Every structure is written in structure tokens, then in C-alpha cells.
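Data first, discussion second: the structure below is written as C-alpha cells.
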Amino acid sequence: MSDSEPLVRAEGLKKYYESETDFIDRLLGRRSWVKAVDGVSLEIQEGETLGLVGESGCGKSSVGRTLLQLQEATEGSVYYRGTDITELSSSELRDLRQDVQLIFQNPQSSLNPRLTISDIIGEALDIHDIVDDKQRRDKKIKELLDRVGLNASHANRYPHEFSGGQLQRIGIARALAVEPDFIVCDEPVSALDVSVQAQILNLLEDLQNEFGISYLFIAHDLSVVEHIADRIAVMYLGKIVEVGTPEELFSPPQHPYTEALLSAIPEPDPKWEPDRILLEGTVPSPIDPPSGCSFHTRCPRVIPPKDFAFEQTEWRSLLDLRLRIVDRELSLDKIAADSDSQGMDAALRDLFNIPQPLSDPQAEDILSEALSHLEEHDFEAAEEILSEAFVSPCSVHEPELQQIEHGRAACHLYDSRYDDGSIEPEVRP
Amino acid sequence: MALLEVEDLNVRFYTEDGVVKATNDLSYQIEAGERFGVVGESGAGKSVTSLALMRLIEEPGVVESGEIRFKGQNLLDLEYEEMRQIRGNEIAMIFQDAETALNPAYTVGEQISEAIRVHLGLNEEAAKERAIEKLESVGIPDAPQRYTDYPHQFSGGMQQRAVIAMALSCDPDLIIADEPTTALDVTIEAQILSLLEDICTETDTAIQLITHDLGVVAEFCERVMVMYAGHPVEMATVEDLYYNPQHPYTVGLMSSIPRIGDNRDRLQTIPGRMPDLIENPPGCNFHPRCPYAEEVCTRMEPPLVDVETGVELEEVASDQQTAACLEHTGDLQKGLDYTVTVREETSMEADGGVTDE
Amino acid sequence: MSTKSQQSQTNRGRIRIEGFDAEAVEKRDPLSAWQPELETKEAKSRTYYAWRRFKRNRLALFGAVIVTAMVLLTVFARPWGLPEWIPYLGGATVQPFSLAAQDPATQDILVGYQPPTVEHLLNWPPSTLHIFGTDWAGRDLFARTIYGGRYSLSIGFIAVGVALLVGVPLGSIAGYYGGYVDEFIMRIVDMLYAFPFIVLAIAVITILGRGYWEIVLALIVVGWLSYARIIRGEILSVKQNEYVTAAKALGARDRSIIIKHIMPNAMAPVIVQATLSVGTVVLTAAALGFLGLGLSPATAEWGVMLNVEQDSMARGNWWAGLFPGLALFFFVMAINLIGDGVRDAFDPQGDKKGSGGFR
Amino acid sequence: MSLQRFILKRGLITIPLLIGVSIMTFGMIHFIPGDPVDFITQFADLDPEVEDEIRSQYGLDQPVYIQYFNWMSDAIILDFGNAITTNRTVGAEIGDRLPYTLLMGSMAFLVTVVTAIPLGIYAAYHRNTRIDQVSRVFALLGVALPNFWLGLILILLFSSYLGLFPVLPPTGEGLLSWDMIRYTILPAVTIGTGATALMMRLMRSSMVEELDKDYVRTARAKGLPEKTVIRKHVVRNSLISVVTVAAIQVAFIISGSVVVEVVFSYPGIGRLLVERVQTRDFPVIQALVLIIGVFVIFANMLADIIYAYLDPRIRY
């Protein structure tokens, strides 16, 4: 990375939406926030493409829109060529729109159906007075259409007459009209068929080579991003968990989430034998994200607690049991009925693949006590015992993005302070 | 006799703008327990094929001609009541969008057990028990509790699992899965695919998986059919198709997908777009987009032939590779010119097809 | 793009296919005359398709013919002069034609309740040409009926027009800006909505008193509510479209976004509703006339005529009330046919069904 | 959101609405140009002293907001003062008439629900066939026929010519007597025609929408008998959305009753309203407008709550 000021830099960006509360909640002063973006810092150099990857609802689109100030940031700053654009007045922001642009996911809904193609592209030219007379305007529109690979004679047609790929090209032409230096591409190829997808990706790359535009390329598909991005940032629940060049990102050591995400992508190669990591459960709600590392509820490599000698799988199973107890998502009656007289203890262990006994005798004692509470349907007692005894740094401390062997990752696995599972990082060796 | 035999299926939609030829002389077979993939871009006629199998094509669509033989019986000849007995019972369907496929006004459990009651004649109690069993088998935690939940209380992945449980409820012999994972995130997609795979192996159920994702096919299916503009253009085992594609469209598709770690700077593309199925190009439908097309391609419609012998087959054995390109009937002069290389292994030559040189 | 390193740990991307030369296709001359649809068709806007669908709808055309005919009938019913207050030209006749032989106000008590008969139609004595019969005062019902359309039709079109001018801007402001403005406007709408259409109209009449412009005003007060509601809802959904975000991202001003991107896409349901409303408003105006809360009892307004004749109708003088009622019925029906046609033209369910299930 | 919570919320929204409606009703009289005393005295020439006395008797000498509070606190216990034209209490006047309107309204409502829903379902299921066309024509007739004219024609036909129904309302009979009910049939049908047309259209369109839903295809793919698919998955779901329409019906029927009661000389509150508007009897008009407004608001609230109860997405 160069030392010079990057083209775009975000610092501690946060975007919270008020979740759908009704006025009773507001009356009582109860508000809850969807933490769509929860402290994201990133920088994009001139001429660079930064890929931003994550599953739906992880806040990647919000990052894009906040970077462009189409949404106000709840906290944090965005610097464009060194100026903080969160502080700009609305007329200054309008001027900025000539330098930064946006390409959308859905080509159908991103073009006004009642305007012709030349109206749509012309609007961009008119707003910023890029051309003054009509002839030059028409010529410019034709040039733009030509540049994105469309027949310039189609300028007075309406969007509904074009296919998805062609519409996406029109969207790109509209963004290009103001000659921007930075474009946020928000899932620009997700709605397209593979063959068309490749056309658009190549077009974006050509434009970058020609005009030196920087991209923030948002996508959910790692294989697409890998092809276009110089660096990739992986997001999970509003935070960036790992950043690096594609090579850095795809070679271990990695953040466990990146690892799982990568392994989940099906490879178009029937003889490829995946060593698949299946993540349990679903992404937690961004209204109330888990404490500590927000991935710990699904992470296959959670650091075991300090005082116990656990096998990794054993520990993960135990954690799953605990999470289910916390959510009260266990129909104990049914489990008891199905247990074939082997007892609740054994049935529960069966269900969660917890060995009998655990490899650590001390832990075994605690577990059997908790399970015996469950037998009496006492969820609270069981929860209290388990939560008190088994504490991992992953559920307590929020990891920060730090340099690892390849790139940067936010994971306690690569923080020597937590190697032993201790939760008191103050006590440094 | 294969489990499912589709023969010369033609589906037409009579719309205001003209007649949409959604499938054209479509023929294929699925063996019992086989995992069969149907691949193509949007508008290729994949979903219509699956709806036709269930006889669920609605106005203004019509199955114009052809046969769909399931266990030797032509489904198109059946009385409505007989067909209804097969739906959900012997052939089940999984739809793309689980959220809309579930009725928001009924509990998930009820929607599963109603099919059980109808087809297996079980009483309320027994049907419920079976439904819970099925919910458990698709990995829904705490199934007895979730039985009484409404669809909106399920997450997207869980809804798709529930839809799968619904399809499994009467132990069908064939499941038609129409883009079952397209709406899901990759991590959830991986869960669902591995679940489907387990089910298939355990119960020996055949699956027809419809998708546009070549990765999913490679991972899940044993045999594939590639569709273009309502035509089957290539049919082969996944190994053959991925390592030795024989139709230019397949080649184009394969070379345009972004693959992780393939070190390419630029993706290859297929120029142009799929025709709208109302007015298709003459001859080979793919010729306007095909780099290997010659004048002959605009005149002759290529039949689906065995790529080795160039003969049109009455019945295709499951390990045979067929493609609908004039190259394989010997009508193409210059031949196909592409190479398939597999890194760190010997490079396979597929220059100009296998048969000619 | 950076160059990718050779060793990839995952063993992915092993297969590589080369030689599919897309550029060759783009460079070569087309092999056949076949062209994608886009190349062969002419550019047509969605409005064009909507208009084409409307034209194909025979019922809607039928409605349009009836409405046009009725408008022409009322305009040419009697000569038409400029109002007196206009200097110099005041009182001058603009429209000299007269379709109705008699003046709708000329009384002839002797022929009171003369039923319409074949004789009247075939015999052509100019003095007894009452093809619709006469009312109690011997006034020619044909003249009264076509002349009466002037009241109903003009009230309908004016009230709907002005209500649109009130409702659409208010609803748009509420929908686009949201927040307190939205709350304020929509709460007023909600409150007024608590009163049924005619009850609210009666309440306004109570305050204002009776008369032509009073009725129009009452119907405007009642009428703007639905437009405000509809346009607000539409704007809320149109606002979600990415082309609005795109315009913002380009730096467009709010005013231009509303005028150029939001309104054109939100107006269709309002236009449909407005068309249908003409019928409702005409009915309500006639109902007010019927209740004796509209124009004066001597006026040839349809509702008033029915009010005056209701007892004699029950006594068997059926023609006395048949024709004004029929006129009202045909007009409202025609308006509804047009409204349905406009709705189908804008929201082509048929088209969606056309490719339904096909993908 | 739980149902209780929904009801609480819906109830809370209703309060400002009720207040607003009451203020508007109260304000009505103050919008009228002129002195309120003149309306009370029917423009009689009186001594200024007598006028002042009347003014203080009606509280008109107090500030407007005090007048409102007085009027409102009386209105809550249904005390609307005396009617000007008859000098009876407004409560008694309305109390006499209200049951008749309720009888006619509920009969009209019944007619509507019983005919509109099956017809709408039938038309939607056979959409784009002849049956659908016929139902469309019927709906069009229902919407376009002016109800007062329809009433006149029905009287002409069924009462005058065929003599099936009495021409004049029975006197001295109880509300639920056979004569009264028989007399109510024609007005109820008159109102019901328009309401049926409206509801049938809505039922049809909501059912057509349901028929296109993915879960209907799922139900068919499950192999459920067509009857079950329609009854369980289509009709039930479309009925849920029709509940809201029923609230619109209430307002529609009230509107209709105002006009139709005049046609049939029916002794309900609609006719009372029209009569008193003509004689400018403001206490009665105000009371009626307020009662109707409150009634509609509660009908809407009830419909929303029933909807929430039926739709599990709100219930849970």
C-alpha cells in the first residue's frame, strides 16, 4: 500500500437504522437499532478495486451507500481525496456527485421506465452542465453508449425493450457520463446470467484501465470478486473480519469465517473433493449481535476456555447446547419421549454429539449438573451453570482487525494473548 | 425402463406477442435414484420443463405434444384424479422461493401433514407425528415446537428446509427441485445441498435439479442436460460435460464462469443474448452467438446425437454423451476449435471434437 | 488487476477452457438474416402500449363513445351564451345550436304527465314533440334530460379536477418528505375519512348552504382525500426504486426528482381513481339534488328531477323518473367502463399472465 | 408483535382520531357565517336581552374551548341537548330512529355478504370465462345504478304493480315485527345492490391475486384435491383481506341509507339527518354526524383487529 492519502478512506463508519418500532415503543422510549454497519474502516487507492464480500444482511450495501453519502453515517467519517465528505453542505455534496458514482444490482429498477435511454444518460450530463449545446449532448450520449458496447442508434428507446445485460450497460453509461473517479458497484452482476455477467465484468475492467476509475465492488459471490478485485474485504454482521489481496485471503491462515465462506462455494469441477466446513445455524440478528466476536455463535474454531482441556469438536458441541439453552429452543418433552428410556442426559448428549464423558473430568461434572437441571426443565439454572463455567475470549472480547501472516484479520486465533483461552488480556506474557 | 422418460416434449405459450416455444422436442431419461441436473440461463425453458412434468402448466401454456412416462405410464394421458394421486406422492417438487411457496396463513406443520393425510390416509395424529419426523430429518432443531410455527417465524434457510420436508413427506420416487438454493446465501446453500445429497443416498430418491449454477451441478449431479432456447443441446455425465464439453454453448458457458484460483485476468464471454423464444434464429438456434458457426448452421437444425458415433439415439444410455451440434454429424467444415486444460494434470485435447481427428 | 499467484491451496480452478472466441462473432458479418427483436422493432414507450391496450378494449371504447356523446348532447342541448359580466361580449351566443326543441323551463300545465307514445314519435306536430313525455308541469322531459346533463357533468368534471389539484400535491408532499408533514396531512385525511362520503358532503352543505358552487366545493372537500391517500402510497413505493437513488447519486435536486422520476411513475392509479371518481361524484351530486340539498327544485338537474317526481313515479307515471335516471345510469356506467379500461391499460394483468409460469 | 399489543396500539391511534372527529363536528357550527343564536331562534326578532339569555343558556358566551369541553363532556354521556325543531331531547329523537337504521343496515350487510362473497369466488375461479363476464356486468350495474333511482323503480315494480311489499311503512308495529322486516327488505336490497357490486369486485380481485400465489402452486404440486386447494389455500387467504373491505362496507351502507331512507320514507337516522339539515336543526345534525363518525372509526378498528387476528404474521 502506498503512503499517500488514499482516494477514499472510511474511518470507524457506523450506520444504524432504527428497527421497525411502533409509536408505543417510542412513547416508552424503547428503541432498538439495526446495526447494519458497525465500525468499518477501509481505504481505496486511486485506480484500485476493493471487493466487499458478505452474505445478505451483513451491511455491505449500506457501506457503499454511506461512502457515497446517499445515507448519512451514524458515526465515523469518510474522506474523499482528504476531505471529510460527511461534513459537506448539500450543494457541495451535489458537486461531489460528479466524482463519485453508483452502479446498481437490479438493472430493471435502476432505470426510470418512462424515460428514454438518451434522457436517462442526458440527465447526468444536464445536472452537472457537462455539455452546453444539444448537438454536443447527443454526440456525448452516443459516445457513451458506444463505449459500453451498445448500439448508439438505440438512444431513443425505452428501458423495457432491453435485456438485463444491456440495461446494466446503460446503468454503467449513466455513471460514466459525469466522468467519475470512484464508482461503487453494488452487486452489479448478481441479477445477470453467467455469460452476460462475464461481459459486464470485462467491461468494468476495461473502463478501469482506460479511465483509471477506482471501484468498490460489492458482491456476495467470492468467485466473482476474486476476478475483479485487487483487494478483498470480507464482512460479517456489520464488521470487516478480514482484508487482503485475493492470494492472501485464499491462503491460510484465514479468518474462520472466510475459510467457511470459501469452502461453501461450489466449484464447477465434478472431481474436486471439497473439504467442506458447514456452518451451523443462520446469521444472528443485527439488532442484537452476539457479544465478543459476533461470529463465535457459528465459528467452528472458537477458542476453548482456559481451564479445561477440550477437543475442538467437543467444545463446539457444548457451545451449541449452551446457545440452544439460552434461546430456550429445546422441546425437552419430545426428547424425553424419544430417548428410549436411556435418560435425558444421554439423549441430549446424543442430540448434540457430546461424548460421554467429556475428556476433561472437571468439565464433565459441570455438564452433568447442568443436564440434570434440564431434566427438571430448569433452563435458567442450566444456563447459569454453563455460562459461568465455560467462558471463551471469543464471547467476551471483540477482536480487532490486525496484521496476520497474510493480510489482516479480526480473530483472536491470531492474537497470542488468547492462545491459552484466557479472558484477561491485561496479563500479558 | 427408466424411472422417468420424457419424449419429444413441446410446450407452447400462446401470448399476445406471439407463440413462445418454451421447450422443443425435449427428450431425456432419469433413472431411479439418479441425480439429474438441468442447466441453462434464464429463459432457456428449464422451469417449464419441471412444471410440465407435474402437469402444472397454466394458461396460456399448453403441452402441445410429446410424452412424459413415469414408471412406464404416460402422465399426459392420466385423468386429473390419477395425476393428483401422483403429485406430492410419487413426484414431489421443491420451489425456488420457499418464502412464497409456503402459505403464510397456516402453520408449517399443517402444510406438511395435509399432504400426508391426503396421500397416505393417516389420521391427524399420525400425520403430525410423521411431519415432525420429516422436519427433524431435514435438520430443523426442536421440530415438535417448530411444527406449530408459522412460515414467517422461520429464517430463509429454515423455510427451504421445511419445503424440502414437505417434498419428502410421502417418500416420493422423484423430486423436482427448481433452483432450490438460488435465493440462499452460500453457507446456507452448502447446508441445503448436503442435506439433499444425504436424502438421496439414504432413500434412493431420484432428483431432477434445475439450476443456472454450474458449480452446484458439478457438486450435486451425476448427469446433466444443458438447455438453450428451449432445446436440449448437450447431455452427459458431469465428468464428461465439465472435462470434455461437446457443444459450443456448453463450451461458452464453461469458459465464462469465474473460477476461484484459475489465474485468468479476463473472463471469456458469450456474445449477444438468448433469443426470446418467439422468433428463434433459423437452423441452429445458437448460431448467431457461436464462434464456430458456418453457413450450414443457418440451414440445418442439429439433432441431438451421440458425440462418438454421430447417430441420433432412440434411447440414451446413462453414460453416453450426446450433443446437438452439426460438428458431430459431420456437417461442419472447420470444426470446433477449443482446448480444455486441467492444471497439474495432463492436458486433455478436445480439439475439434473427439470423433473427427 | 494484480497478477494472481500460481499456487492456490484450494486446488480450485483446475479446468481451463480456451478458444471460445467471442470477438470473432462480433467482428464477422451475421450469418443469417435473423436479428434479435430489438433491432427489428420500433421504439415505443410504455404509454404507447397502454394506449394500444386501451384501444383494443371494446368495452372501454364503448364507454368513451357514450361519454363523448353525452358531453356533445349537453353542450348542444341549448344555445350557450357568455356570462353577462364579461365586458362587451357578455351575453353573446357562443354555441347557437339547439338539439332540444323546447326550452326545458317552458311549462304547459295542460299537457302535464303526457306519456311518451309511438304516436308522438311518428306524428310530427312541432308543438307536441315530447318523445320522453312531459313532467307534472308539462315541461318537455327530453329537453330537461339533455339539458340537465350540464349540471351533473360539469359538477363531476370540475369537482374531480380541483380535488386532484388539492389531493395530489398534498399527498405527494406527505409521501416524499414523510415525517411530521406526512403525519399531519394523513391524520387530517384519516379524520375526514371517518365520515361516509355523502354524510361529509351533507355536513359541508349544511355549513355552506345550497347552490351550484357550494355542491362543487362540498364534493372537493370529500374528493381530495382518496387522491392524497393513493398518491402517497404510490410515492412511498416508487421511492424505493433504485432509479430514484440513481438520480440522487447524480446530484439531482428534490424538485426534479419528484417531477421527473416519481410523479410520472406514481400517477397511473391516481388517474384510474380520478376517472372512476367522476362517476361517484356525479352520483353524489345527483343524490344531494334528490335529497333536496342540491339545486333549487325547478332546476333541470337529474337528481332534482327525480326528487320532484318520486311520488308520481310510485303512482305509475313511470316515464317521469325513468329518463333522468337512465341518463345518470348510462353516464356512470360509461365512466366506469373507461375507468376499468384505463386500469387494465396501465396494469396489464393480461400481459403478465401471458408469460405466466414461463421462465 | 402480539395481538394484545396490536390492539393496544390500534386503540391508542383511535383516541386522537376520535378527538379530531369530535372537534370537527363541534366546529361545524362555528364555520357557519352568522350568529349561532340566530339558528337557535330560527331567526326570530328578539330583544337583545332575550338573545343574551339564550346565549348564556346555551353557553355561547363562554370561550370556544370551554364550549367544546362542555359539549364534549355532555356528548360522552349521550346528552346532546334539545332539538330545536321539536324541542325533544336529541338523544330521544335519535334513539327513536337508530334501531330502524341498524335493522336496515344489518339486513343490507347480510345481503351483501351472502351474495358478494360466493359470487366473487365463483367469478375469480372462472376468470375470463362467460360466467366472469356476466358477473362483471352485474358489478357494473350495481356500481352505476343510482340507489335512489333503483329504489324508486323497485317501489314502482314490487310495491305499486306487483303489490308484494307495502308502499308505506307500517305504523305501530314493533321493530322486529314481520311487517317491519318485510318493509325493510326493499330498502335493504337497494343498498345491498351497490354494496354487493363493490364487495364482489374486491372479493374477485383479491381471490385472483391469491390464485396466482406460489403457495397455491405448491398446494397443487402436493397433490391436494382441487377443492381443498381452493377452499383452504385460496378462499381463506382472500377472505382475510376482505375483512378490511367489510369496514368500507359499513361506511358505504351508511351513505346508502341516508339516501334510501328518504326514498322509502323509512324512519331511520338517515332521513332524520336530511330532514334536520333542511330545517337547520344543528344539535341533531351535530349529534348524528358525530355518532356516524365514531361508528365508522370503531368499525374500522374492529376490522383491523379481526384482520390482525386472522393473519398470523400480525398475530405472532
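For this structure, a couple of remarks:
All chains are identified by letter, namely A, B, C and D, in their written order; residue positions are counted from 1 within each chain.
The rule we apply is simple: a contact is a pair of C-beta atoms (placed from the backbone, for glycine too) under 8 Å apart; a residue touches a chain by one contact, two chains touch by 3 or more.
Note that the structure is predicted; figures quoted are calculated from it, not measured.
The most distant chain from subunit A, with centres taken as the mean of CA atoms, is D. Chain pairs A-C and A-B differ in how many C-beta pairs they share in contact, with the greater number at A-B. For the pair subunit A and subunit C, the distance between mean C-alpha positions equals 49 Å. Centre-to-centre spacing of subunit A and subunit B amounts to 31 Å, using the average Cα coordinate of each chain.
Centroid to centroid, with C-alpha atoms defining each point, subunit C and subunit D lie 25 Å apart. Rounded to whole angstrom units, the spacing between the C-alpha centres of subunit B and subunit D is 55. Residue positions of subunit B touching 2 or more other chains: 42, 56, 242-243, 252, 254, 259-261, 264, 268-271, 273.
The set of subunit A residues touching two or more other chains comprises 205, 250, 262, 267-269, 272.
Multi-chain contact residues, meaning those touching two or more other chains, do not occur anywhere in subunit D. Here subunit A touches subunit C in the complex through residues 49, 65, 68, 70, 93-98, 101-102, 104-106, 109-116, 123-124, 127-128, 151, 154, 156-158, 160-162, 171, 174, 178, 205, 228, 230, 245-247, 250-252, 262, 267-269, 272, going by the rule given at the top. Subunit B contributes residues 13, 15-17, 20, 22, 42-43, 46-48, 51, 56-61, 242-243, 245, 248, 251-252, 254-255, 259-265, 268-273, 275-276, 278-279, 281-283, 287-291, 293-295, 297-298, 337-345 to its touches with subunit C in the complex. Across the complex, subunit B meets subunit D through its residues 54, 56, 80, 84-89, 92-93, 95, 97, 100-107, 114-115, 118-119, 150, 152-153, 163, 166. Within the complex formed with subunit B, the residues of subunit A that make contact are 55-56, 163, 165-166, 193-199, 201-202, 205, 220-224, 226-227, 250, 260-272, 274, 276, 278-279, 282-283, 324, 329-331, 333-334. Contacts from subunit B toward subunit A in the complex involve residues 41-42, 132, 141-145, 155-158, 185-191, 193-194, 212-220, 238-239, 242-243, 252-254, 256-261, 264, 266-271, 273-274.
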